[in-house]
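Structures are listed in the sections that come next.
Below are two complexes that have chain A in common, paired first with chain B and then with chain C.
For the complex of A and B:
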């Protein structure tokens, strides 16, 4: 099958059995890889009462249709499981070199089942697939282990690892690769740790079958030439995402001191310019990319070892920096390194530690909880102490290891009001009180709050910031188009930044696979994935669905106290209006339950049958569901 | 004086390029800041993250010189 490796691997970690099956063509065309394969496989195979950290959960690693093709930046690979943070479908993807290596070894999906009796790592060298002992690696940091395994196996192996946090089940643990690329969100690292799978090492030397190689080569060459001379290429290469720190502050959406406010007085000391001036070592790219937007940095802090890390990116600066009140780019880079080596998502870590700092400020967490340390805003030593306690699940670190929602449930005292999370996953680095569509994006996201599902800040402005009207359709459009890149597995920055259109990516898929595919079909696949993950969430967590799409009190009620967005808050009535509008435009009922009509349009009637059996199928619309879903919701000038 | 503004993505559409695919040529009076130029073009500042001039980052209070080319970077989520 053109465009695919051709084989699905199933690895029973308990018995050691390894099975190979051909990748079904209907799975490939119908779900397109990565996020799609993960959604379909988890829905069909994981028992609804399976413990996310128990043996019945699956861990899935899957590249997408574009991974490994010398098409625009097909570097990505997805990881999926039931999330220990949200108890729902999870997928999280990473760039780097791993995805292409897996595809070149011939694999479209690797499904890890059950739990290994001893720590192991997966070794893939083309057709050689083995589980090897990893007892000597257990306990090592993610970055340290990658270096060690490169020394042990050779530079041409691509390595993915977990750190101590993943071994210990911290619900926001990540999987790390290429010394700083992460499948960061949803706690995929904790599920890998629960299976006692410490690492994955892959070398692939096969070729990837391409349907029309001359056409794909020419189209890709044209895109390279065009984007190389694009006016925005140079700023991206020079600064990466960190340059948006200034913009986020100037427009009142920069999370500051646990989202207490949205303007950080010291933002210039942790800005992209500061990063370039003080900590940047070199630029770094993923497979098949000529942009080099990754920044490799060194943190130099008196009394601490110099530490090298990829980053910090905007999200890490916003959440480990702004939300924790930091004032020094070296401290942010060091916090980035700590999280990476411990195997923690920098976004949820920064958000959770900012939350803990506010608890400390309010006297809810004390020095007794922190082994004699304090937890002051902007203090890197305090940050280091608590992040290590979290990774080890020691003392208050055990409470915080559940993330902001889990910690708030354990701490009580209405701390849930200032836990910036949705469905148990922490907000990305954008406050929403002046950007209401972004709040709707977070709260309706299938994996919990994450900007890569829908980033609606500028769309919000385009529609009009202080109105709930017109927000839902644009959020739905974004929830289909942005995660589509995580299904195809190509980087979305070339779309957002360098004017490579989604239609051009679809052309590439046609050349790659020989499919007569259209963007409309791809958008429908994305909508299908969104509906099956929603159904999966409902089947695991019960109903009504509306109870899960809730916003934190801080973002609804507390007016921003300072900065450019001073005085703004969303308000409960406005949020409920947006939610009603969202459900309607999705073709879901007022409780947020998908209707049979929508599920049948999307070709998954069996999901409707399953929802009907448990009483969670949406009530039918009297006049039929809206016919404007997907691509047709795209607003003008986006 | 003459100022050339370049951009991409959604911001390119707002800029209405007339020189090439990315570039708009503008004749302006005096030495206005980029903020003032953008106001004149009715482009909300939130759609511009920063400016890039001669390989260097600049804020929107930057005042371009005659004949200078300024690249305007739209905000994009990533990381």
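For the complex of A and C:
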């Protein structure tokens, strides 16, 4: 099958059995890869009562249709499982070099089942697939282990690892690759650790089958030449996502001191410009990308070792930096390295530690909880102490290892009011009190509050900020277009920032696969993914669905005390208005339950049958569901 | 002309490898490329592109006279080459590459496609004259 590796691997970690099956074309075209494959496989196979950290959960690794192709950055690979943070469908993807390597080895999906009796790693060298002992690697840091495995196996191998946090089941543990690229969110690293799978090493030397190589080569070559002179190319190459630090502060959405406010007085000391001046070692690209937004850096702090890591990206700066009150780019880069080597998502870590700093400020967490240390805003030593306690799950680190929601439930004292999370997933690096569409995005997301499910910050400005009207249809459109990139596995930034159109990406898929596929068909795949993961969440967590789509009290009620967005908050009525509007425009009922009509349009009536059996199928719309679900809007580039 | 490598500018994106194999094999397969990217991570954190500098030692050593100078490049004649790998052994900087599926060793023939897609200035074309004055 053109465009694909051709084989699905199933690895039973308990028995050691390794099965190969050809990738079915109906799966490939119907779900397109990565996030789509994950959504379908998890829904169909994981028992609804499976413990996310138990043997019945699956860990899935899957590149997408564009991975490894000569396409605008076909670098991505998805990881999926049931999330220990949200108890729902989870998928998280990474760039770097791993995805292409898996595809060149001939694989479209690797499904890990059960739990290995001993620590192991997966070794793939084209057709050779083995589980190998990893006892000597267990306990090592993610980055340290990648270096070690490159030495042991050779530079040709691409490596993905977990750190101690993943081994210990911290619910926001990540999977790390390429010295600082992560499948960061949803706790995929904790699930990998629960299976005693320490690492994955892959070498692929095969050629990718392409339907019409000359056409694809010409199209991509032309896009490369056209975008080289795009006005945003140079700033992106220079600063990467950290470019956004200035914008976010000027526009009052930069999380500062656990989202207490949205303007950081010292933002210039942790900006993209400061990164480029002070810590940048080299610009670093993912596979097939000519924009190289990755920034590889070194942190130099007196009394600490020099540490090298890819980053810090915007999200890390916002959450480990702004939300923890940091004022020094070296400290942010060091925090980035700490999280990466311990195997923790920098976003949830920064958010959770900012939350803990506020608890310390309020006297809810004390020095007694911190093994004699403090937890002061902006203090890198305090940050290091607590992040190591979290990775080890020692003392208060055990409480915080559940993320802000789990920690708030354990700490009580209404700490949940200032836990910036949705469904147990911490907010990304955008405050939402003046960006209401972004709050709706966070709260309706299948995996919780992750910006990449639908990044609506500039869309909020385009629609008009102080109104709940017109937000929901745009959020739905963004929630549909974003999965395209997560299934196709090309980088969204070429669309978002460099004006490569979705239609051009679809052309690439046609050239690659020979399918007569259209953008409309792809958008329907997206909507199908969105509906099946919603159904999966409901089937695991019960109903009514509306109770799960809730916003933190801080973002609804507390007015921003300072900065450009001073005085703004969303307000409960406005949030409920947006939610009603959202459900209606999705063709879901007032409780947020998908209706049979929508599920049948999307070609998944069996999901409707399942929801009906447990009483969670949406009540039918008297006049039928909206024909067009979502309203097209291309968010302005930064 | 020749290809000038400025390793400090390389971001490790591998577009050069993709276009190289498309141009020479009608395939996408970075492992068959005539250019290799050697990442040196975690320290010092640099990508080193490695490719033929057209010194001609391979041509001198080839027992079949299968490596011919065409303009500024030494090019493997696929008709004459017996894939004996003598050239691979004599290459002083280890840039005569091999791949199990390739009918001959793999070497840069100065097609310059890689320099057309490189967006960072890591691979640029310089004329022989300016190379000589360097």
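Throughout what follows, the second predicted complex is superposed on the first by the 629 of 638 C-alpha atoms of A that agree within 3 Å, B and C clash if a C-alpha of one lies under 4 Å from a C-alpha of the other, contacts with A are read in each partner's own complex, and residues count from 1 in each chain.
Assume a contact is a pair of C-beta atoms (placed from the backbone, for glycine too) under 8 Å apart; a residue touches a chain by one contact, two chains touch by 3 or more.
Just so we're clear, the structure is a prediction, and the values are computed from it rather than from any experiment.
Residue contacts after overlaying the shared chain place A:273 against chain B, while chain C stays out of touching range. In the superposition on chain A, A:228 makes contact with chain C only, while chain B stays out of contact range. Of the two partner chains placed by superposition, only chain B is touched by A:239; chain C is not. In the superposition on chain A, A:452 makes contact with chain B only, while chain C stays out of contact range. When both complexes are overlaid on chain A, the residue A:29 reaches neither chain B nor chain C.
By the touch criterion stated above, A:308 is placed in contact with chain C alone, chain B being left untouched.
In the superposed model, A:373 makes contact with neither chain B nor chain C.
Partner chain A is touched in their complex by these residues of chain B: 6-10, 12-14, 22-23, 44-47, 49-50, 52, 55, 57, 59, 71, 73-79.
Residues 230-232, 234-235, 238-244, 246-248, 250-251, 272-273, 293, 313-316, 428-430, 451-452, 455, 457-458, 461, 492-493, 496-499, 637-638 of chain A are the ones that touch chain B when the two sit in their complex.
In the complex of the two chains, the chain A residues touching chain C come out as 68-70, 97, 100, 104, 143, 147, 155-156, 179, 204-208, 210, 213, 217, 221, 224-225, 228, 233, 237, 281-292, 294, 296, 298, 308-309. Every residue of chain C that touches chain A in the complex is listed here, in rising order: 8, 11-15, 18-19, 21-22, 25-32, 38-39, 41-47, 99-101, 116-120.
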